[in-house]
Each structure stands twice: as C-alpha cells, then as structure tokens.
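See below for the structure under consideration.
Think of it as A, B, C and D in the order they're written, each chain with its own count starting at 1.
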Amino acid sequence: MNSETLATPTRSSAESLLARVWRLRGRHANPQLVAGLSILALFLVIGFVLPRFAPVDPAVWNRLPRDLPPSAAHPLGTTSLGQSVFWLLAASIGNSLLIGLGVAVVTTIIGVFMGALIGFVGGITDKVLGVLIDALIAIPTLPILILFAAVFKGAASVTALVIILIAFNWPWPARQVRAMVLSLRERQFIDVARFSGQGTAKIIVREIVPHLLPWAAANLTNTVLVAISLETGLAVIGVSNLNYPTLGTMIYWALQYQAMFLGLWWWIVPPALATIVLFITLFLCSSGFSRTQGGQHA
Amino acid sequence: MSGSLEIAAVTKTFRSGGPWGETVRAVDDVSLNVADKPTVLSLVGESGSGKTTLARLILGLLQPTLGTIRVGDYEVGRMRGRAARQAFMRDVQPIFQNPYDTFNPVRPVTDALFETAQNLTGASRRQAEALVAEALKTVGLELSEVEGKYQNAFSGGQLQRLSVARALIPKPKLIVADEPVSALDASLRMTVVNLFAELRDTLGISFVYVTHDLSTAYYISDQVAIMHRGKVVEAGAADRVLTHPEHDYTRRLVAAIPQVGVKWDDDFDAGVA
Amino acid sequence: MPELLTIEGLSATYTRRGLSPVKALTNVNFSLVPNEIVGVAGESGCGKSTLLKVLSGLLRPPLKIEQGDVALHLKGQRIAVTNAREMSRVRWKNISYIPQSSMSVLNPVVRIGKQFGWVVAAHAHLSRADTDARIRSFVERVGLPERVLRSYPHQLSGGMRQRVVIAMATFLHPQLVLADEPTTGLDVVVQRSVLKLIRTLQREFGMTVLMVSHDMGIHYQVSDRTVVMYAGSVAETAPTEALFKKPLHPYTQRLIASLPRLGDEEKRESITGSPPNLAAPPPGCRFHPRCPAVMEHCKRVDPPLIEVKPRHFVACHLYPEPDSAQPAATPRARA
Amino acid sequence: MVLRYISTRLLSYLLIIFIGVTIVFFVPRFTPVSAAEAIISQAYSQGSFLDPDAAEAMRENLLESFGLQGTLLEQYGGFWRRALTGDFGPSFSVFPTPVSQLILEALPWTVGLLVVSSLIAWVLGNLMGLFAGYFERGAGWRVMEAIAVAIYPVPYYILGLALILMVSYLFPTFPIGIGGVAIGLEPGFSLEFLLSALQNALLPALSIVLVSYGWWFLSMKALAEGLKREDYVVFAETMGLRRRTILGRFVLRNAMLPQVTQLAMSLGSVFSGALLTEVLFAYPGLGTLLYTAAANGDYNLLVGIAALSVVAVATAGLLLDLFYPLLDPRVRYA
C-alpha cells in the first residue's frame, strides 16, 4: 500500500502515442518534446517546402555574383561559388533531413523487425544473429565509412551512402528491441495470448509492438541525428558526394574556400548554426519520446 | 475427452549463466496422477520448490527434460500443428499469479476474452459475444460493465475473476492456476478460491492449484503434493497430508504457518535458513 | 505507564497536481507505551504504510500531514515527528526502522560489515576496534555466522539479509522500532524464525515494536496489541487475545472469519465489495457500503473510536458511546 | 569459473576482430565499381608527384594488397597474414613510408588529446551530474542541465567549428594554434615543446571536453536521480548515515558501474567523430592522417587505420570485461 495504489487510476496507458504526446502539452507537460517537435516542424518546412520557391537552383555554381554580404536580394549573401546562401541552406537542410529520415525509417523498421523476431523466436536464430549484432555494434563505423567513401571518391552516390549507413546502424535498434522483447515475452499477458489461441505473428503485432512504439519514435529521431552527423562528418572531410548540397557539404565548401579567414561569415555561420540547432532539436524530440514511455508500465 | 492428468517421472533442468553454466534441477523426477473426475490438486511449496515450473510444464509452456506429461488424450509438448495445439488449449487453460499483468495494459481487457472465443471455439463475433457474456456471468460480472475498459480500471480481485472468465470460455477440462490469490488481499481471496470449488462441482472442471499458502490449499484441495527443492516429498489426500503430515519437511511447513487460533509453541526453532 | 509515542487526530493526504488529494489517513488516534509489540493490521490502501512514513518523520511530498499531532516522548522530552532537526538527532539511536524488502535495502556493492560499520559510526563514538568487536558479537547474537560480515548482500539468503537488517536496526538499543512487513517475501519457515528473533530482541532490550503486516496470523502470533485499520482510519484496537477471541467491528469480524484454517471445514467467504477509493471516500462510516449490519445512521455519521471494554476500542455505531466517554478519545494503553 | 569467464570473453573478442577485419577486407570489394581500378587511376593521377619508378612500385603493391592474382579466398588469406604481422604495406601518399610507421607517429598525439580530454570530461561531468541528480531541486543545476542538453547532441567537429568561429570573430586575441606545435619545434621533453603542444591542443580538447562533459553530466544526473530512489539509498538516509557516505559510497559507487563501462567504450571509440576534430585544427593525430589518406586515396593507410580501430575498440571492451568484476561483486566471474 503506497501512494501509487492509493491514487486514482493512472492515465490510461492505452492512449495512442500521439495522444500521449499531445496530452503532455497540458498538465503533465513534456516541454522538451513539445519544443523539439515544434522546431522540427519548422525545419521540415524550411527543408522541404521552402526550396520549391527558390528563384535559382542553389546547387548550380556561378549563377550569382560571388561573395556578396547579406542584402535584401540575397538574405544571407552569396558564396565564393556564386550561390545564394539562403536558398542553398534551405536545400541543404532538406537534403540532410532526407538522408537522416531515409536512414532512420529503414533502420528502425529493420531493427524492430529483426529484434522482435530474434527476441521472440529465440534459440539458435537468437544466438547467431546476437553475436553478429554485438560484433557490428562493437566495430567503429566511421573509419570503415571513410574507407568505403574514399575508395569511391566522387563515384559514391547518395543512395549508396544511405545504404551503407543503414547497414551499420540497424544493429543498435535490433539489440535494444531484442532486450525489450525478451522482457515483454516474460509478461503474463503474452502467455495468456498464447492460450487465447493467438498465432505468433498476431502476438508480436498486437501484444508486443504497441509497447515498442514510444521507444521506436525516440530511436527514429535519434537515428536521424546519428545519420546526419555521420554524413556531415564524411562531408566535412570531403569524402561524400560533394555536389549534393547538405549541411555537411555546405560546411566543406565554405572551409575549402577559407570562408572563415576571408571574413565570409555569412557562408560558414548559417550552416554551422543550423546544424547545431537541428541536433539539439532532434535530441529534444528523442529524449522527449523516451520520457513518454513512463506511462507504459502503469 | 477427459481431464485426467498424468505426470510420469518428469525432470526439468535449467542452465544458469550461459551455455557453460551449471545445471539446476527445477523439477526432479516428479510423478503425479489425477484421475478423470473433477479434482483440485494443490502443488504446495516455498519459493524455488519447482511448483511454478511444474505448472508451466503441464501447460506446455516449458518442455520436460525427461519424462512425459499427459492431459486427457494429449501428450503435452507433442502436439504438432496449430489445430492440435488449439485443441489442447480448449481442454487446458491457465490462470496466472499477477492479475495486473494478465491483461495487456494497452488493450481493452475484453479483447483477450473475445480472441479466446473466436480462436478456440471458432465462433463468429456475435456468437463470441454470447460466450463471453456467459463466462463473465459465471464469475459474477456483466459484459456491459467491463467491455472496452483497460486493466487499470479494475481491482486485483476483479481482474482475477476476468482471468477466470477468459479461461472458462472454451469450456476446459483442466485449469492450471499459478498462485492465483497471492496478490490479492486476504478478505478478497475466498471469492476466487470458492469460485474454483464451485466450478469443480458445477462444471466438472479439474484444477491444478499452485500455492505457497497451506490454508487455502487445505480449504479447496482434494489432493495435495508438497514440493521441496524440485521433488514431491509428500502427496495424497489433502486432509491427510496437511493435518497428519508424515514427511519431516511437511511437518515443519505446517508448524510454521501463522494461523489464527493456533499459537506457535515457544520451543520451536527453525534455525537460520 | 508513560507513553512513548502519541498519535492524536492524525490526518494525512497525498496531493498531486491535477488529481484530487488521496486521504490516506483520517483522524488516527492511538499511542504506544514502552516494551510492547503493537501490530498494525489492514489491507492494501488502509493507510498502514503511510502511518509508518509519518512516524519515521520522513515526510516528503506528495505526502503531507493535514492535521493532528504525532510526538515521541523520550526521557521527558517531547519531540514532534515534524521537527526534522530533532528527529534526525534521535533517529536510529532512539527510533529505528526495519524495512520491508531486505533484498534491496542493502548496498549491493559493499560488504555487510562495512555497511554495518557506517551505521554505527554515524551514531556512536566508538573506536574502530571496539565497533568491530561489538558488531561481531551482535551479529552472532541475531543468529548469523561471523562470515556474513565479509559477504556481499547477494551472497546471503533472504532470511539472513533480513537478520542483518534487524541487527542494524536494534544494535543501538532504540526505544522504538518501526517494522514494515518485516517478513514479506520470506518463506514461512524462515518467517517464523525471523519473527521469533524480533520478539526475543524486543523482550530482551525492552523495546517497543510497531509492526505493520497484512497477515492477521502474524499479529495473532506476535503482537501484544493489535490495531486494525480500514480505509485510513483505526477500526478497532485491543489486546491481541481479546481482539481475536471476540472482535467487535464488523470489518474485523469478517476479516478473521474469511481466513481458512487447517483442519477446519467451515465455509469461508470474502467480504463483499472492495475498499473505497480514498480520493473520494464514502460519507459516514467508511465501511458502511460493505457492512452487513449497516444502519441509516452509518451512512451519515463517522463513528468515533470509543473504549467499549477496558483497552478495547472500536469505531462502530453498533456500540453505543458511554455517557462519560469523550468524543474522539485517545486509546491509552495501560500496561 | 574464472577460466570460463575469461575464455568466453576472449572468444567474443576474437570474433569481433574477425568480423571487423573481414568487413574491412570485403567492403571495398562488394561495390559496383572495381575499387582497385579506382585507386590505381587515382594513384596515376598523382603520379606527377612521383618518379615513374615509384609509381610503378606503388601499382605493384596495390595489386598485391588487393591480391588480384589469386582467388578471393587466397586474397583474403593473404590479407590476414599481413594484417596479423601489422604489415599494411607502404603508404601511397608518403611513399614508401610503411603505414605502420605513420600510424605509430600519429598515435601518441591522438591518445594524448583524446585520453586527457575524455578523462577531464568524465571526472567533471560525473561529479557535476552526481550533485545535479542528487540535489535535483536547485535552480543552478537546472541551468547546468539546459547547457548540457544544448551541447551534448552536437558532434565534436561541429562544436569545434563553432569554437573556431567564436574565437576568430569574437576573441581574436585568444591564443590558439593550428597544428601540433609551433612550426620548427622538434619533438622532445622541452618546456617550450610541451607548452606549444598544450596551446595547440587547447581548442580541439575543449570541443571534446564540452561535448563529452554534456554526455557524462546528463547520464550521471539520470543515474543519480534513479539511485536516489533506490531502496538502499533511501534506507541509508533513514539510518541517518553521513551525507558524505551516502553520496560517495552509495550513489556514486553504484553509478560508477555503468559509467566506467561507458568510459571504456568511449575510450575505445576514439575513432568516432572526435577524430574529425583533429582535421579542423590540423592537429597531427590519427584523424588528420585519416583525412589525408582519404583525400589522397591512400588505400593501404585507410585499411591500416580501419583495422587498428577495430582492434582498439574490441580491446577496450575486452579489458573492461576483464576488470569489471573487480568493480561489481555481483558478477565476480560468474
């Protein structure tokens, strides 16, 4: 007998994930998540809607006069390559998010599927894949990514990069989902579901997956962060596809043209700042989502 | 179809700590028989005695390392194919210890009842409704008052009755109840315990009642098996085993129950355990 | 006999933003005298654990005392449990605590002997060697081999760990020990020996033990006096023998009658209904929706706790108030 | 029992190295274009820097590295034979210096920078996180948390970039250096050399310290908040133990278990984004070496660093596994 059992029933853990997030606006405010999602929405608009209105393709060089400081015509000035920083930034944000989301969505799906499968099926599948997953996690990604990217310097497409990022990132969610499924599998309601005549697939989908959703949302945003960070890292040292505008390649070109030392701050500061804000935003979302998990085990 | 239970020389070992770990005999060469008539068999023991493992073996949730278990016409764990397993589940149903974990917190409690009806009896949604309502009535609940609610809307006692109702839907011959009342307050326990006795008498269902509580075991059992460190140390008619225990361990167990009305004798000393 | 602890008109609530406050305790009155074991019985949500939290003086939000007075009386000095400063001075030296789960109350990565040493060092000024020697002999006194002092908690059985915790709680010979379900999770044979240890130490040191347990059988075996709580209030309190021989409150009667006994074929029934939601308790007597002897009066007026027989108090309208009795009398134990 | 514990760990250690090195071998081969061709053409395009003899020698070596003469299995076997002796061939960008020599020269710089800054961040972050988690209610701790939240998710190199921007625009007088030491200084234990090295390591170290400080602070705070509610901590408070004992021997001691694990992992993963920080500051460590190798298509050097990173991370994990039981009595080689 404690305060928990005395209290009126806890808020229904049956609420959908979205409802849970939404309700957090109110009394049990989760300001982190609300702030994170709001700024993320802003980034999505800047990255995916704004570029449609670009007067000139920002990816093409030498369309505009070079090295112009910010003005009414060019809100963030122009680069030494004759691009509008403002429109280039919008396109870069969009592309970075696209890479991040692409990697994150596929990674999370593969991870949840593999984790749920090996966790629930167990046995030899679990042992073999478990070892593989542990090894893949222990292997540092960046040097191998650089090795891969360097071998194809220039030839590696963005798609190839995304595929490699997926290949190296699915083991994380898989391992965590496996652990969660292993503990969920011990819950009584799973045994009850078996004795209700439910098949394995239905048990996974109906009984287990709903418990993984808040985690999956947290993992998704976190993977967006990791993927963008890796891509940016590769771009900053010049081994990704440098013709594809992303936050990383934008910083790369600014550094290559000595923007910092030539006083072209409007070229280097916006992408750096945008990257920092984007990372903080994604982190707020991801840690906010993990906090909504609290209601799960009421 | 019958509800007889035949446990023949069953041993279950677990490995602790990985593939090179030590082997633990959770259930050690246990043989028990329950005749084909409505019976309550209690498996009584303390934590680690192997009683829950044995219950899970009977349910087929674990496979015996050695020996066989037969329930009616089935050899547990040897059913092949979904149809055979479902047939087994029509005859044997479980009730678990923790009422708060019996129903998935993210789904309405009645989902599990409807799924049982539709999967195991092949009923349509409408027929299922009648089956669910009937089962709920047996345990003293109305479908209209529970439908669509989640587990946190119920007390432990109500959840445990819902759990019994779900188990009753396929009209089983045997219900295996693992510590079904230990999470309930003493004043509410007898509702569930009396319900078992009533179901045995009216519907002819046999029960395997797993418990560490000797008083309720005495109260409803026809037969009792006392388990200690994986072995059955004493088994027989409940009245005989619990009021005139022969095995030393059973005696110590009986002597240590804090019963109202029987004062402990002062020179009793169980020593440090 | 002077009182050791007095509880007068105690009401406490759990308050949480956005939820209606939970009235965990309502107008609780009783007191403890030196050298007795008082059992507090009751089921989930009856307020027994909250009571222990208040008595130990470890009040933390969301728990809050609404009304009433709880005080310790030590050597003529009166210490309110809400006085954090004074309480921290007497804690463990004069009033100690045996928690529920010995599995998790010991630091898993520190040897028992070391943890024991910290407890002693925090309250007594002894030399290192002196401390060690006394701890060693005390550990033997509670029936444990000396080697447990060199062990880590996970290397001990549940019964041994609980003995360690009991030793820590009684080492300084406190006048009052609060025990919260001290045998939960232990097997019955071990439970019996642990309870026996508590009683032996209590008699030997002349301590007072307030023991909370949901198990009526334990109170029957161990307690000198039993307090039965229901829905945050005291329903009945009496010397244990009298309470079990002739319970007066309908709740106590039903509760005892619902317990099956070995060798007894009598049909046992649960109490109908379930305990009230303390965020919105029923008016009048809180037991009235479940009471077989309910009267109109019970639905409106909360019965006061009155002494119907010497040292036997009950809060029920079935027992008329004697003219002389003051309303809301405090049951005083007379030893 | 001890033997079993060690052999299990050793087995998984070897397995990780096996899988990791195999990936390093196969990744360039599982690609649509022939990696060898790509590198050979790159090598030739850089042939202008080399005399024709050296270019030819390089080509020979490249063919040998890729083992293009044998079957895939033979190539793989040859790769292992050379890898086990630490022989990754000559570097192409600094031909014919052996890769192992280049790595050995760069390693002390990286280890010095990363180990020192990681340890500083670890100690500071854990201490602050401990107090912030234990005394949750203070407003000051909340501000610190907000700062940590704002810094931790940013990759090291982006923060490094931000630091450079701030320093060059806002505090132009700040004494930063680029490179390992001032130009012209010979390595040695002279005061001048050490000071110069310290000065030049300041900014890269600061960016690493800040980011990892954020991580340690946040994780320690979460741990301390959780531990504060653990039964044994509450009981210790009930028993009136000294606050110093509770903080040190109960909260900190138990929080150390996961934090040491994490530290070992993070020391092992010096090959993460922290390496890229070096590039920004032209700091002469492994990161810059990796960058040069990538920029010049120095295949041997890239493979050498990648293989080294696999071994280093796996070794850190193994050492952790072997020492962990000393820290946590519950796993005493069981």
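As a convention for this text, a residue touches a chain if its C-beta (ideal position, glycine included) is under 8 Å from a C-beta of that chain, and two chains touch if they have at least 3 such contacts.
A quick note: this is a predicted structure, and the numbers were derived from the prediction, not measured.
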Maximum centroid distance from chain C, chain identifier (CA atoms): D
By mean Cα position, the chain sitting nearest the middle: A
Between chain C and chain D, centroid-to-centroid distance (C-alpha), Å: 56
Centroid distance [mean C-alpha coordinates] between chain C and chain A, Å: 53
Separation of mean Cα positions, chain B and chain A [Å, integer]: 47
Where chain A touches two or more other chains, by residue: none
Touching two or more other chains - residue numbers and ranges from chain C: 43-44
Chain D partner contacts - residues on chain C that touch it in the complex: 56, 58, 88, 91-92, 96-97, 99, 101, 104-110, 118-119, 121-123, 152, 154, 168
Parts of chain B lying in touch with chain C, wherever the complex brings them together: 46-47, 155-158, 185-191, 193-194, 212, 214-216, 218-219, 242-243, 252-264, 268-273
Footprint of chain A on chain B - complex, ascending: 59, 61, 82, 86, 89, 93-94, 96-98, 101-108, 112, 115-116, 119-120, 150, 152-153, 163, 166-167
Of chain D, residues touching chain C in the complex: 230-232, 234-242, 245, 249-250, 253-254, 257, 327-330
Contacting residues of chain C [partner chain B, same complex]: 43-44, 143-144, 157, 159-160, 163, 187-193, 195-196, 214-218, 220-221, 244, 254-256, 258-263, 267-271, 274-275
